[in-house]
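Next come two complexes, and both contain chain A; in the first it sits with chain B, in the second with chain C.
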Partner chain A sequence: MRRAYATHLPAGELMGPSDVELLLSLADDELVLGWRNSEWTGIAPFLEEDVAFSSIAQNEIGHARALYELAARELGTDADALAFDRPPEEYRSAPLVELRRLEWARTIARHWLYETADAIRLEALKQSDDPEIAGIAAKIDREEVYHRIHAEMWIDRLLASEEARPRLEEALEELWPYALGVLDDDLRPTLVQRAEAKLGRAMPDVEPVSRGRHEAELAELLEEMTMVRRSAPAGARW
Partner chain B sequence: MPEVFEVFRRERPGAPMQHAGSIAAPDGRFAEIYAREQYGRRGESDALWLVPRGEIEEIAEFVDEFDLKYRRVDGYSIKERLKEARQRAGTLEG
Partner chain C sequence: MSGASNRLQLSPEDVWRALDEIPDPEIPVISIVDLGVVQDIRIEEGRVHVAFTPTFMGCPALETMRAQMEEAIRGLGAEPEVEVVLDDSWSTDLITPAGREKLRAAGFAPPAPRSAGQPTLVQLQRGPFRCPWCGSTDTRLDNVFGPTPCRSLRYCNDCRQPFEQFKTI
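Then we have the complex of A and B:
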């Protein structure tokens, strides 16, 4: 499949194509999840949570922007083009972030599963030989700390409630194969370990829903997300 | 039931803590995250204090049976008296 940006790839760049792939999968995850989380703006369970969750969504989109900028420099394009101008099949996002589940137990389950997986991925990236990748991972991680605190406190709260626990467990069960799909094979055992430590039970041994295929909801999301961009192809300014 | 926390914020080191507003949260952990998001995310604060409303001792009754108006901030004009006193002391300017 032809990549829309591949033709711009300059020869002898600092980063290898696999690094750019990595940046894009990270950026796409953050952009799509940021969008999904922002769907709660105005309708979260209560006002304070609305503000906090919207802020987390903004942070994720900020991370996506920084990652796209880094990738765009390598590819000779710009961040907006990477975020908005690719066809759905060229996004590298994990199916976990694409699912549209406007239900609080599932939202929290996904939020916690994603943040837990993302932490493992960022820890690995902070060790990268490429100082720019290590640097941006460290920078993103300093904000993600608060997302993790937020996710953990919600998980603890829901686990402690007789009404909420079964609903959360059901959501975790549904999303677990997707959570595994966020990470590459070598990092998955760490996710299993951390999930089991938190939940105090064994996680099911299932086939991961990996990157490379997309949920039907992604096309819909991109349609909505790129509406303004498409209406003003010359570049809208606000 | 959510608990209400009063939030105080400081704009910069050395400035006084001032009441910023309040937040409702299920417990102290939630309160901390919500206070960060609502009162610290825009660079408007250098520090925050969180105080559970239930821990605050409120005084809302002030006895003044003998109507001592001169002790109130709005009830007593001292402008003329101050002028006379300054005249007597020789410190009146202009």
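Then we have the complex of A and C:
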């Protein structure tokens, strides 16, 4: 197995280990969710949603690549090694993004919860003292605006339907502890505030399903995602 | 390799002209210079440094553009150094007036200016987006997303043609 990097390498001039950790959390979230979103390619309930989720997946994986490249420079490795060569327990993704492709109400619930949480995280990162992190966050956020527009459009649409509303609410309730787990303690209250403002109801006060543990589905996803890379000889070019 | 005298004569304008010949891999009516993604060109001792920003970070054309720029610069007898700048310094406002006109002529509605603020659903649904075919502003949003990350799908209620809208970034 290729292990081209060490977990604890000296940090670069600007970034400390916590910055690298942060970049990897963000990159892992975007990579894993990008993969999950791409699972709708070809089978979404509408052609337009097929296009939308495929495009969103492409954006998320693009963000992951840029973030991995930044982290890789600090760790003395490359983006592909970070994306594909780590064992599942070393991923820092939030359990929310790891859940296997969900049925439509849950897909929309996860999409909106993730984008809402991600926006809060990006707002904080745009204020980073590190100009590279602040710059990359600002560029990512320009693209995420469109994901948020799409997610909110769907929330409005499902809330307006008698049949869809209870199904969406059930999905939101189920995924809420996972959504809280995307953010650190200090940013969580903002998520609660925004979710409650949008949905017009109080969200349950529950324990977050936090980063650091993984859903069993992550290992399966990584197995599938890295199949081609593992089958190719080291140093293969694409 | 070209001689040193050749290298000395190379000016940034020569490089800008050469890069202006490179079409965007996904919207070939517009060059990468028209697109505004080439931010800066510097020449130092026969090395040409290009600062370049992808439109969208997941743009699959990124590697193609980089390879084409490197090839064009080698064609001028210089060694390329392409730096990918990943920050908020590129926006669709940097598409040149000529580039916007080329987009329009090819059926892509050019992006709205960034100064209008962050796009919102209401703005995308109700804003005055002009049909590139007939000029009508009676158009509607069909899909925020389109065939590439940088495009949305719209429909003109007047001439009843679908068209692609370049997203504001």
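In this text, the second predicted complex is superposed on the first by the 222 of 238 C-alpha atoms of A that agree within 3 Å, B and C clash if a C-alpha of one lies under 4 Å from a C-alpha of the other, contacts with A are read in each partner's own complex, and residues count from 1 in each chain.
The rule is simple: contacts are C-beta pairs under 8 Å (C-beta built on N, C-alpha and C of every residue); 3 or more make two chains touch, one makes a residue touch a chain.
Worth saying up front: this structure is predicted, and the values here are computed from it rather than measured.
Undergrad: Based on the superposed arrangement around chain A, label chain B with chain C as either clash or fit.
TA: Once both complexes are aligned on chain A, chain B and chain C clash.
Undergrad: Would you sort A:48 into first (chain B), second (chain C), both or neither based on which partner it touches?
TA: In the superposition, A:48 touches chain B and chain C alike.
Undergrad: Please determine whether it is chain B or chain C that touches the greater number of chain A residues.
TA: Per-residue touch count on chain A favours C.
Undergrad: Under the stated touch criterion, which partner chain does A:153 make contact with: chain B (first), chain C (second), both, or neither?
TA: In the superposition, A:153 contacts both chain B and chain C.
Undergrad: Is A:226 touching anything from chain B or chain C once the two structures are fitted on A? First, second, both or neither.
TA: Neither partner.
Undergrad: Looking at the overlay, what does A:38 touch: chain B (first), chain C (second), both, or neither?
TA: neither
Undergrad: Output check: A:128 vs chain B and chain C. Expected answer is one of first, second, both, neither. What do you get?
TA: In the superposition, A:128 contacts neither chain B nor chain C.
Undergrad: Where does A:139 make contact in the superposed view: on chain B (first), on chain C (second), on both, or on neither?
TA: In the superposition, A:139 touches chain C alone.
Undergrad: With the two structures fitted on A, what stretch of chain C runs into chain B, 5-13, 59-67 or 131-139?
TA: 131-139
Undergrad: Would you please give the residues of chain A that touch chain B in one complex and also touch chain C in the other complex?
TA: 48, 51-52, 55, 146, 149-150, 153
Undergrad: How about chain B: which of its residues touch chain A in the complex?
TA: Against chain A, chain B makes touches at 2, 23-27, 29-30, 33-34, 36-38, 41.
Undergrad: Mind listing the chain A positions that touch chain C in their complex?
TA: Against chain C, chain A makes touches at 48, 51-52, 54-56, 58-63, 65-66, 131-132, 134-136, 138-140, 142-143, 145-146, 149-150, 152-153.
Undergrad: Applying the document's contact rule, which stretches of chain C touch chain A when the two form their complex?
TA: That would be residues 56-60, 86-89, 91, 118-121, 124, 142-149, 153, 167, 169 of chain C.
Undergrad: Give every residue of chain A touching chain B within the complex, in rising order.
TA: 46-49, 51-52, 55, 146, 149-150, 153, 157
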